[in-house]
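Two complexes come next, and they have one chain in common, chain A, joined by chain B in the first and chain C in the second.
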Partner chain A sequence: MSNFTIPVGPLNVALEEPMYFKVDVHGETVSHVDIHAGHVHRGIEYLVTKRNVFQNLVLTERICSLCSNSHPQAYAMAIEQIAGLTVPPRAEYMRVIADEIKRVASHLFNVGVLAHLVGFESLFMQVMEVREMMQDVKESMFGNRMDLGAHVIGGVRFDINDESIEYLRAQLDRIAPAVAEITHIYNTNGSILGRTRGIGVLSHADAVDCSVVGPVARASGINYDVRVKAPYSAYDRLEVPVHVLPDGDVWSRAMIRLQEVATAIDILRQCLADLPGGPTSCTAERPSIPVGEAIGKCEAPRGELIYYVRMTDSPKPERVKWRVPSFMNWDALTFMMKGAKIADIAIIVNSIDPCISCTER
Partner chain B sequence: MSILPDNIETRLMVAAPSGIQFSTTTNSKGVSCGWCSLASKDDLLPCAALMKSIGARLSTITILQPKAPSAPPPKEGETAVLPTFFGGITSNGKTFEIDYHFDIDGDTLTLVVHVLYGGNIQSLTPLFRCADWPEREMMELYSVVVSGHPDPRRLFIDPGIENAVLERLIPFSTLVNSATTKGLWEKILANKGSQS
Partner chain C sequence: MNYVKTLIRNLIRGPSTVAYPFGPAWTPVHFRGRVEFKLSSCTACRACEQVCAPGAIRFDKTPEGLRFMLWHNTCVFCGLCEYYCPTDAIRQTDDWHMAHATANQYQMAIREVIPYVSCSACGTKALASAPNPVGVIPPFSAEEIEQQRNLCPGCRKTALAERGVTK
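What follows is the complex of A and B.
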């Protein structure tokens, strides 16, 4: 058998976002992967230093569409720490609500695309239909299907009344059994199992070595979830089980996401049951932000998102640095793809739930 | 919920003989955040090795050029004394500050080093595989040299572009290579025509 180097991407590897893989193959087996990034680099880290603290809340939400809620959340957390602001309890619960709604939609999207890549189109449509119910929730509650615009410095921008609580409860009651049905299919269907079990394995040791985060880490047996390890918002008052699987294959990563969808629905119900009254923001006016530096961390759908903010005497930050979960997970692909078949490349790439506009900023 | 190891400051002091400046804060939810400035960048590797030994994960690396603090003009006959960072490196607006953010089971510890403009810093890749991409990104954003990096290629920015992009102003038209749609250009020309 001969050795070849084949280009995979940059377009349409698994999603529309561009990433270029130079794959060395021996026959049909992958022997080495070289990742070339930078196709959607926009220099947002430079742009944030040219806008003031409050404008950046809007800008960070636009870094990525699927985790658009997590960026302003981590950024606001860092700013609130610098300014010594305490987010009121109701706003903390509201932040969790926005976060978990996004998590359900994001995870279902990834699991749906997996079905599409396997060639199981009817399942893809079934998953996307369930996700659409969550999209309806976003549109009804926030007025937008992707960017929720939920955050302000010191609280949230939205409030919910009894009517929207009832609506959200009813939607959750429709989504929960549908997710259980989908999970059952991913657990038992031969087509899914045949294409995902034992494929793209990332061992626990390699996962630690690559410092992967989020569902990718938890599917390789790393018990780490920011919501539990470094609680923020109202997560310290909610029951948040962390799902961990030992095998580290494509199937495990999909199962972790499906289990987390079920957990997210449960967390949403807990929030609605415990929702305290009171203000949704700690200040009606724009707070003044003193000199200082801080770190904000949250669990985005893809894993740990960390923001570092440095404020000097200017209203514009001197530096904002963030590291998105996907940034850490790319490297793990070199381990996952070693020895894989060419036909599985797209499935493996999709299994890290890659977010390229996040990675390259 | 986790707490930084109690003796972390003492252990860092042993690992960094040139001296450290250490502080921690703990928020209302019990999450701690530690900051450790190193007097000498040569102490970075031993401190990172200590982090590795306590099971820390390298979360990310921030690099910036902190602005020099505004100082009153020197009196006649005196020479201006430039302020310095901890460790004695001049704060002239060009010195690099590199922050290594480590995650210790939920808590964060940041090692801060300062590197003179034109200087270099040791790569952390022998200890932390995941330092690879952040260090490559560091090298394309600023002119700092990371010595011992196994793969110092560009990460995001095209090799055709001069490096250290965050050290200079790049006009937007240059950034996008003056590329714009024909439709926009025709609209501008049409508007111009109607005014003249």
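What follows is the complex of A and C.
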């Protein structure tokens, strides 16, 4: 057997986003992986410093479509800390609702793409159809399929009435059994198990070394979830179970996501049951933001998202820096791919749910 | 085996896609689509211009008055303008039919002018914008809005003080 170097990406049918892997292979087995980034760099960190605090709510939302709720949320949390604003209780619950709705859709998308990469197209369609129910929820409640536009500085800018609560409850009742059915398929189907079990293993020790976050960490036995470790919004008043699996393979990561979808549906139901009354924002006008710096962090669907904001006396932030979960997770790919087969590369890359547009911004 | 069940269910249920443009497409009530501007309610506070992230909204001074301009093709439908508008002057409709020929791209904009008037009290040139309703209790009546519209900023303040405003 001879050694080759093969390129995977940046444009490759199996990759969802542009990322370039230079893979050294020995026969059909991966011996070394080089990751090259920078194909979707748009200079957003610079653009953020050219726009005022309120415009940036929209700009940060458009960094990435799948975590488009988490970015403005972490950003708004940092700004609220600087300005000393207290988000009203109703708005805190509404933020959780927006967050969990996005989590359900994001996780189902990733799990669906896994089925597509395995070659199980009919399962892919089935998962995407279930996700479509959540897309309908987003469109009905927020007015857009991806960019919810849920946050403002000091609260949220959507409100829900009894009618939309009924609608959301009915949709959740439709989605929950469908997710249970999908979970059963991923648990038992031979094609899925054969392509995902024992593939792309990230051991607990390697996971700690790489500081991975989110479902990737939890699938390698690391019990870490920002919603529990450093509760924000209304998470301290809700029951949020953290799912952990010990194996660290592609299947475990998919199962963690499916379990989190079920949990998110449960959290949504808790929110609807406990939803307090009152205002949805602490101020209807544009609050003035004083000089200061702050950090906001939240659990995006892919893991811990941290925002650092520094304000001077200008209405534009002097510096906004964010650390996205995929930045920590893609380094672990070199460990996951060691000894893997060429055919499994795409499945392993998808299993960390890479968000290149967040990471390279 | 469990997949056979899904297959049969899908055969009975039929396709989940819609037949648009040959059939109707579902549009939710709260859909954030094309922006609509109501000149008579605009207070010329320019909050929408300041929060508009892509810079789709612009105000220009013209000889006739203050011109409001919004480019639909630059708008990202975020809805911040509607949220921060103190009146109902700017709002998003559920209209998503925005496809147009390239030849018409410069018509894809709202251009409306808030005209200058001479103040009915002192005769100074002033903008005929709607009064800002923030903090005005009880709210302006329709006649009061029309009276305020024809006053300059100074005379508006005087009129408001005479009327009595509780914050």
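The working rule: the second predicted complex is superposed on the first by the 357 of 361 C-alpha atoms of A that agree within 3 Å, B and C clash if a C-alpha of one lies under 4 Å from a C-alpha of the other, contacts with A are read in each partner's own complex, and residues count from 1 in each chain.
The rule is short, and it goes like this: contacts are C-beta pairs under 8 Å (C-beta built on N, C-alpha and C of every residue); 3 or more make two chains touch, one makes a residue touch a chain.
On a predicted model such as this, the values are computed, not experimentally measured, just so you know.
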So, after the overlay on chain A, do chain B and chain C clash or fit? They fit
- Query: Where does A:K50 make contact in the superposed view: on chain B (first), on chain C (second), on both, or on neither?
  - Reply: neither
Touching A:H26 in the superposition: chain B (first), chain C (second), both, neither? neither
>> Let me test your reading of the model: by the given contact rule, A:S122 touches which partner, first (chain B), second (chain C), both or neither?
In response: second
Vertex chain A, Cα centroids of chain B and chain C as endpoints: angle rounded to a multiple of 10 degrees is 90
*asked:* With both complexes superposed on chain A, which partner does A:R174 reach: first (chain B), second (chain C), both or neither?
replied: neither
For A:R197, decide between first (touching chain B), second (touching chain C), both and neither.
-> neither
Quick one: classify A:E318 as touching chain B (first), chain C (second), both or neither.
first
For chain B against chain C after superposition, the smallest C-alpha distance in Å amounts to 9
The residues of chain A that touch chain B in their complex are 37-38, 41, 43, 45-46, 81, 86, 209-211, 224, 226, 228-232, 236, 294-295, 297, 304, 306, 308, 310, 312, 318-319, 321-323, 327-328, 330-331, 360
Counting only contacts in the complex, chain B reaches chain A at residues 1-2, 27-31, 33, 57-60, 62, 64, 66-67, 99, 101, 103, 105-108, 110, 128-130, 132-134, 141, 154-158, 165-166, 175
Chain A residues touching chain C in their complex are 51-52, 54-59, 61-62, 122-123, 126, 129, 132, 136, 139-144, 147, 149, 152, 157-158, 181, 184-185, 188-189, 285-286
Listed in rising order, the residues of chain C that touch chain A in the complex are 2-3, 6-7, 16, 28-32, 47, 50-54, 76-80, 83-84, 92, 134
